[in-house]
Structure formats: structure tokens, C-alpha cells
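Chains: A, B, C and D, in written order; residue numbering restarts at 1 for each.
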Amino acid sequence: MNEAKNDLTNAVSNLDFETPERPYLDSNELIINMGPQHPATHGVLRVILKLDGEKVLGTECVIGYLHRGVEKIAENRTYTMFNPYVDRMDYVAAVSNGLGYCQAVEKLLAVEAPPRANYIRVILTELNRIASHQLWLGTHALDIGAMTPLFYTFRDREEILKIFEKYCGARLTTHAFRIGGLQYETYAGFEKDVKNFVAFVRPKIDEYEELLTGNRIWIERTKNVGVISAKDAIALGVTGPVLRASGVKWDLRKAQPYANYSEFDFDIPTGENGDTYDRYIVRMIEMRQSLRIIEQAVAGIPEGPIMAKVPKVIKPAVGEIYHSIEAPKGELGYFIVSDGSTQPYRVRVRPPSFVNLQALDIMVQGMLVADVVAVIGTLDIVLGEVDR
Amino acid sequence: MTPVATPFFFYMLSGFAILGGLLVITRKNAVHSALALIVTLLAVAGLYLMLYAPFVAGVQIIVYAGGIMVLFLFVIMLVSLERTVKERQFNRIWPIGLLASCALLALFLGVLAKGKTLFEGRPIPPLTESNNTQQIGLMLYGNYMFAFEIASLLLLVAILGAVIMAKKRI
Amino acid sequence: MLESLKSFLEPSVARTPGEANNQLWALIYVLIIFAGVSVAVMAMNWLERKALAHFQVRLGPMRVGPHGLLQPIADAVKLLIKEDIIPSEADKFVFWIAPLIGLLAAFTVYTVVPFGPSQAVSDMNIGILFMLGVSSLAVLGVVMAGWASNSHYPLIGALRSSAQMVSYEVAMGLAVVSAILMTSLHGMGLYGVSKLSDGTGTLSMIGIVQAQQEQHVWFLFKFFPLGLIAFVIFAIAMIAETNRAPFDLPEAESELTAGFHTEYSGLRWSLFMLAEYAAMIAVSSIAVTLWLGGWLRPFPNLLAGSAWDFIFALFPGLTFLGLGAVAFLGTARMPKHPYFKIQTIGLAGFGVVLAGIGIILLAIPIAAKVSNHTLLNAATTTLLNVYWFVAKVAVFMYLYIWYRATWPRYRFDQLMRMGWKVMLPISLGVLIVTAIVGVLL
Amino acid sequence: MTEIGTLHYLVVAAALFVLGVIGVLTRRNVVIVLMSIELILNAVNLNLVAFSRMWGNLHGQVFSIFIVVDAAAEAAVGLGILIAFFRNKETINVDEIDLLKW
């Protein structure tokens, strides 16, 4: 108990807060512990806030409440055995995690997934991107006080999860991909389901926008809130929609195409101001672009095998590899070192949430408590991925 | 309408008022004092109602209890008082102050006792409650027009003064 | 007994118990209003959960009773038997008394709410001033609760709410003043001759409605659009006053966990909720009284005449019959599985009760029309007064739910900016223009 | 019980007034001193309204309204000074506020 208290005071005293030129009312500065049990921190994030009234003077993120040692576990599992674990990092976008890991190992093994597998991978990943953005939208709107979008987005996300369930039996932590391709052939009617879903969800996205985009309160709450400049964003390594909203046109699907993204025609939305509203708009457009990709992919699924020739026991040659993909939240990278055995020597994950979370401090400087909640929401973090 | 049980309500309300006043000046914690003061203010508002002054009672509730006391509570929360609760509550000259106050009370009571006869047997003129507000309104905008304007000016000055005092940077 | 009943129902001689100096009737009225408000709060609780659920494509409470009808009772029982937690660092006395202050403030207001020309506990000369004053006391409860909890989130919630409630009271008060001003403006110049008064207006709640009756216009439509603007300002300010979405900053769940009542649980917490809903109904009834003609029926000018009066007199009965029909429809659509047997019977019983009430309410005006008996006439009038008043308040209650389902939450500085820089100037302007227009016309 | 006359109200007002004076003279906490001043003003108001009742006219009531206005102004300015002072000296005790400068 005492130690925890000391921890807190140390953490607070180590904060490098900007002090005003004259120290006013020092005793009026509040130290508030937001989280880990707080409804708006999206899990178990703990943010120590130093407040002057309601103005935020500084923040300190305390993470690790959900640390499970995923990277360490990898060292004691074979490459195949570790595959399901990655789903547990960003459990909202489990398919993307799996894609990144499988492709990294494939790169290490120098095998290529067959085209049919790639098409299905793209479809599932983009579906998952929409699901992730829907979940983000619902919780973000809830943080800002609009209850209703949450239920709308969850209603529609359900359809995606149904497709996942039909495809691989799991809804959330899907474990959909295998190293070298897919384990399962698509079920009968997969294409029809996906096409139906695209037709179903298009008007629903309009519906979310109807509730929020032109809403005066929504605009007031999000415009010029949590602004981050392109320079700062790049310096901090921020990626994904957060970076693109600041005006940097950087999307790994275009910049260094993986799977077969180069075959599809889609746009990368960018914002201008780098504020919460732009991030919202960027994600809304991304959902529509994902639908475009899915439409193209589902129309062109080739026939063929779904697995490349991969040895039964995966034993990559000695070497290391870094492979990154564009997860819904940003650049998700896997750095794998192989010592030639069946188990990786070291796996290091570059999670987008963890890196993006660093931007919280500069985004909320001088803002109000309510904005902290909005900014945490707009960063779209998943604590499972931050803590791993 | 004729009030019922006048003595009972009078003694109850004045009892509350005086008890509240006592608590105001004796509590260590300023929030408790404020709470006691609210009791006093409401009791005094009740006394106004018994005196056929409903408008003044309404003003008392809305301005005093709803406005000024909220201001007090706000300030008490703004200036952290945890330290002051543990400190000495009364200043060093408190015996002199108490003595002077007792003398004042004695003076008041003496004057009242001496002038008691002035109030005895005086018929209380009927004061209708039904148009009290209208009458006060006519007076405020008639006889007391100038005073009313001065009062509004005073409030304006007070607002400006308070803002200048309390704001960190202007 | 019958005579006294008659004397209080008869509109020509009827007065409020307060005016008539009848303590027994005043007590009865108080009890009726207390019970009525408590039931209304429970109904509102159910309705809010149900309506909000349907806004949000879900079902809401379905388990306790048919369509969750008994949910409020289950909630109340749950809250009553919950452990009563007082934080050890809290200021016990203030912590204990804070919910009571809010509750008292919310319920005291109802003494002057006019459900009809004689259906109020008392017709105070300072009615509206009293209402505003007492409802402004509610902020004390909030501040006390936040301070006594001795915790950061409640304290911030309390500071927010005290600033918010005091700020919006200003705009609210000015909007109210412009409505009060209208009671004295008859469109005949400032000192125009009128039956009501000698050119002065009135603060009495009953007097305000009677002024609308005499001027043949609801103040909402008077000096169009001045009355409307003042009404809209009041309608916005009253949401802020009662801490409801989109102005629910003091209890913003996502920011301050639960604001000033974070540390409260069980019965005390339920007292806060009771006070909040009671205050919502109270401010809605102020709005109804000032701008929507209180107990007056709609379209008195357009659809005048005794025939129309009779048709409008059937509304209460028809409303309840309609509710009964909805209940029967629900019964018919209940699953036929034996598991739902009790629920089906319960819903049917509820429908029967509603329809029975509807038939009685329908019978009273018809009987009055046929027999023209004084007592029946008086009962009809009373019924209609209360019905129209409650119906108008119910519209506001629905609006509260609608707002909550639709809008995000304002940020604190935006809220204050809107209160002081938008609402206050507009309400001042409306007040001045109303005065000028009233004198010129 | 006897009829309640003006004298009764005067006694109550005198008691409130003296309580307020005691508070002003003996307490150290500025906030409580300000509250005591409110007590004094209330006592005066009570007197005014009681006499207004006694003489049967409304001048006393009008005056008491002016006093309420005064009290509001006084509280606002007083608390403003208090906040400014607290910001600089970190104290709200009257007997420590004797420097006439900050």
C-alpha cells in the first residue's frame, strides 16, 4: 500500500510540468487518477492528470495492467503455436494481427501465400478493419456523450462477426490465417454473405454520419481538440488514421503493398488540421474505402489452392525479419529473430496503439478533462495491444 | 387568509434562526457554518412570510439561499480549508469581543424593555398579501426609482470588482 | 362531506386550499401530489429505459413483469436493500443531509404547481418567484454532496454543477420575466383596461394561466416570435438546470465516473435520482404554466363552442382506452409458450385496468353532458384541467429522453460560453423587445 | 400563548445581530466573518420588515430588498478579495491579513 503511494508520488514528481511564470494557487492544483477503473479509458489505462481547475497541465500514462508477456511467450512456443497468441493483442482487430504475424513468418521462410488465400485474407482483414472502426466509433461517441451510435455500430458489427464465425468458428479471436495461407476453404455462400454485408452496411455508415457529422455539439466537441501537427506526429512515430488526419498520406497498403493490395483501387483519406474531427472523418472514409476493396476482392477471388507449400515443422533459417502491415490502428510490425530452431529466438511487436498513446500528452496539453476523454477515444487504443 | 398557530410557528422559526446563527459562529468547518447559515436564512424567510412580506421572502430565498450561499460554498471549496480546521478558531482578543457583544445585547434589550410600552396594544393595520408584489413593484419604480438605479449600478460595480479581484490574469 | 367536496370542485367558487385556509384539504392535496409525483417518477423511469432502448435498437427491460412494467419496483427494492456505504473520510453529517436538501427542494416546488384553477396546494402571490427560488436550492444539495464525499471526482462534479446551475438560472430567470411581463401586456398599451388587473402583471402561477386565458393566447404564440424565443431559451436552460443530457456534465459518466454522486449508493443514491426526476417534472410544469397555457386545452379559439368542448372532454378517456388497446395488442403478440403465461395474464390485466379507467373517464364527461349535474360538471372540469396539464408535461418528459438519445455532451467551457454569451444576451434582448412591443401595441 | 407582536421580532433580530457581531469580532476565518456579516444584515432586514408590518406600509420591505442587493454586492467583492488574498498569502485568517500590502 505504502509502496504504491510512493510510486504515485514519484511518478507525479517526475512529471515535467510546464509551470506558469508566476506560481498561482499551487494548492489548487489537483492530481487526479483517471483509471485504471474508469469508464472512459477503454480498458485498464491509468492516466495521472495534473489539473488546474479543469485545465490539464500534464499527463502521465501508467500502463501494464494487462501485460501478459506475449513477446516472452513467443520464445517458448513454436512458430505455429504462437499464432493464436497474436489474436489476443489487439482483440478488436484480431485478423490483422494474424495477417501480420503469418506474413512475417512467411517472409522469414521465403514462401508466398497463393493468390486465392491472399484475396480471402484481404477480404477478412478489411472486414475486420470496418469492425474495429465501428467499435471505435461507438465507444468514442459514448465518451463524448452520445449513447446511441454505440448500439448502432454494435448492431452492424455483429454482421461481420457472424461472417467470421461462419468462416472459422470464432467471433473475436479468430485465428483465421495459417503460416502459408489459410487453414479453411471458404464456406458455401461466403461471397454472397460478404456482398450482402457490403450492401447492408453502406447505408448504415450514412446513418452514423447523420447522427454525428453535422451535429453542432459533436463538431464543437471535436474540432480543434487534441490537435497534433504532422511534424509532431512523425517525430513520435504515430501511424494510422491519427497520422493521416494530420495530413500525411502514409498508408502501408499503398506505401509498401503487402498481400495483394496493389491490385485494388482505393483512396487514402487525409485530414488537414489533425484534430479529433479530422480523425473521425478519416476513419469514416476509411470504412467506405474498405468496402470498396472488399467489393473488388470478392468479385475477383480466383480458384486455386489456399495453402503454399510449407514444411510440417517450421524451422526458418537463421536470420531476422521485420514485416509491418497497416492494421486498423496504424502500423503493426513484427520483428522476428530466428536461431534456426523451431522456436523464435525473439519476437518483438510494434503495436500501433502503444506508439500512438505517446501522443496523448502533447495532444491534451492545456485542454480540459473532457478533452482527455475525447482524445483517448480518438487515439483508438486497445489496452491489450498497448500492454501485450 | 389568517395564519394559524402563529405563536408556534414564530417560536419554531426564530428558534431555528437563532440556533443557526449560533452554529455559524461556533463551527470549525466553514461548510458547516454555511449550512447553518442557510438554515437561518430560510427561517428568516419564514418569518418574513409571517409578516406578510412574501416578496421579500422570495427574494431572500432566491438571492440569499440560492445565490449568495452558493457563492460562499464555491469559494470555500476553492480555497482549501483542511488546514484552517486544525488551527486556532478564535483570535486573541476574543474575550473583549465577547464582552463588547454582550454589552451590545444588554443595550438592545434595555432599549427594548424601556420602549416596550410603545408596542403594546397597538392595533396591527391590515396589510394585504394578495397584491404585495404589485405594490412593491410600483414603489420600486415610483418612489425609489433613483435608489433602484443606484442599486443596479452598485451591483455592476461589484461584479466588475469581483471579477478583477478573483481573476488570475485579466 | 359532499358539500365540501363540491365546494372545492366547483370552478366558480373554487379556490386552492391555501387560499381557502383549509388545512385538511391542503394536506390531502400535498399527499396526492407527493404520491402522484412519486408514481410519475417511477413511470418516467420505466419509460426512459424503454424509449431509450427503442431509440437504440434494443428492447430494454423485459424480464420483470410483462415488458418490464414492474422494473421500477424491482429497482426500488434493490436500492432499498443495498448496503449503505458512507466513505470513512467523508463528512458524515453533510453527506447524510445532502440528498435530503435536493429532494426537499424538488418536492417543495409542487406546492404552487397549478393543475387547475383550484387544483394547487396554494396560489401564492409570489408563485413563480417561489418556484425559481426553491428549485435553485437544489444546487446546494449537489454542492454539499460533492464536497462531503471528500473525493476528487465528486468535487469537480460539484464545482461544475454549481457554476452551471447558477449560470443558467440567469438566462432562465430572464426568460421567465419576459413571460411575466406578458401577463401585464394586453395589446392595449401599458395601462390598457383589463378585467385582470390595473396594468400590473402577476407572479402567481394560477394568475399567469388565467392571464393567458383572458388574452386568448398562449404566451408561446404571443408577440410571435418573442414568446417562442423566450420559451426556447427556457427549454434549453431547464435541461441545464436539471443536469440532463446534453448538459449532464456534473454527472458525466465518461469523464467524472458519476460526478457529484460517485460515492453514493443504495437509498441515498436513489434519493438523488428521485430528486432529479422530480425536478425535471417541476421545471417542465413551469414551462407549461408560463408558455403553454397550463391547464387550458389546445385550440380554444379555433375550435370553440360547446360541441368542441365536449369532444375535447373525451380526450382523457380516449387516451386511457388507447393505452389499454396498446396493452391488449401486446397481450395478443405475447409468445404462446407456457413460460409467458403469467406475463400474458399480467399484461391483459393491466390492459383491463387501463381500459376500465378509460371507460370511467369517458363516462364522466358524457354523464355530465347528459345530466348537467353540478358535481359531474365540476368533476369533468377538474379532470380536464389535470389531464391537459399532465399531458403537456408528459411531452416535455418525452423530449428529455429524446435529447438524451440524440446528442453528445457539451464541454464545460462551451456550456458556460453558451450560457453567458448566447443565452443571456438573447433573453435580455427578448425581454427588452417584449417590453417595447407591449407598450407600442 | 400571547399574540406575537412587533416586539417579538425585534428581540429575535437583536439576538441575530449580536450573534453576527460576536462572529465578526472573535472568529479568525474570513469566510465565517463574512457569513457573520450576512447574519447582521439579516437581523436588520428582519427589523425593517417587522416595522413595515407595524406601520402598515411597504417602505421597510423595499428597503430590505435594497439591503439584500447590498449583501450580494458585499459577498461578491468580499469573496473576490478573499480569493485574491488566498492566492498570494495562502491564508484566510483575518489576524494574519494585517500587512496592508502583498
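Criterion: a contact is a pair of C-beta atoms (placed from the backbone, for glycine too) under 8 Å apart; a residue touches a chain by one contact, two chains touch by 3 or more.
As the structure is a computational prediction, the values presented were derived from the model and not from experiment.
Colleague: Relative to the centroid of every protein C-alpha atom displayed, which chain's own C-alpha centroid is closest?
Modeller: C
Colleague: Looking at C-alpha means, what's the farthest chain from subunit B?
Modeller: A
Colleague: By raw count of C-beta pairs in contact, what's the busiest chain pair here?
Modeller: Chains B-D share more contact pairs than any other pair.
Colleague: Would you mind pulling out the distance in Å between where the CA atoms of subunit C average out and where those of subunit D do?
Modeller: 36
Colleague: Just how far, in Å, is the C-alpha centre of subunit D from the one of subunit A?
Modeller: The mean C-alpha positions of subunit A and subunit D differ by 62 Å.
Colleague: If you average the Cα atoms of subunit A and of subunit C to get two centres, how far apart are those centres in Å?
Modeller: Between these chains, centre-to-centre, one finds 46 Å.
Colleague: Among the residues of subunit A, which ones contact at least 2 other chains?
Modeller: 24-25, 27
Colleague: Would you please write down the residue numbers of subunit D that are in contact with two or more other chains?
Modeller: Each of 86-87 in subunit D touches at least two other chains.
Colleague: Residue numbers in subunit B touching 2 or more other chains?
Modeller: Residues 55, 59, 67, 76, 78, 132, 168 of subunit B touch two or more partner chains.
Colleague: Mind pulling up the subunit C residues that touch subunit A in the complex?
Modeller: Counting only subunit C, the residues touching subunit A are 52, 55-58, 152-153, 156, 160, 245-246, 248-249, 252-257, 404-414.
Colleague: Quick check: in the complex, which residue numbers of subunit A touch subunit C?
Modeller: Its residues touching subunit C are 30, 32-33, 38-40, 54, 141-148, 150-152, 155, 211-212, 215, 217-218, 220-221, 368-371, 373.
Colleague: Would you pull the subunit B residues touching subunit C in the complex into a rising list?
Modeller: 1-2, 4, 29, 31-32, 35, 38, 54-55, 57-59, 61-62, 65-67, 69-70, 73-74, 76-77, 129-134, 137-138
Colleague: For subunit C, which residues count as touching subunit B in their complex?
Modeller: Residues 18-21, 23, 91, 93-94, 97, 124-126, 129-130, 132-134, 136-137, 139-140, 143-144, 147-148, 155, 158-159, 162-163, 165-166, 169, 197, 200, 202-203 of subunit C touch subunit B in their complex.
Colleague: In the complex, go through subunit B and note every residue touching subunit D.
Modeller: 6-8, 10, 14, 17-18, 21-22, 24-25, 27, 30, 33-34, 37, 40-41, 44, 47-48, 50-53, 55-56, 59-60, 63-64, 67-68, 71-72, 75-76, 78-79, 81, 84, 87-94, 96-98, 100-102, 104-105, 108-109, 112, 116, 119-120, 122, 124-127, 132, 135-136, 139-140, 143-144, 147, 151, 154-155, 157-159, 161-166, 168
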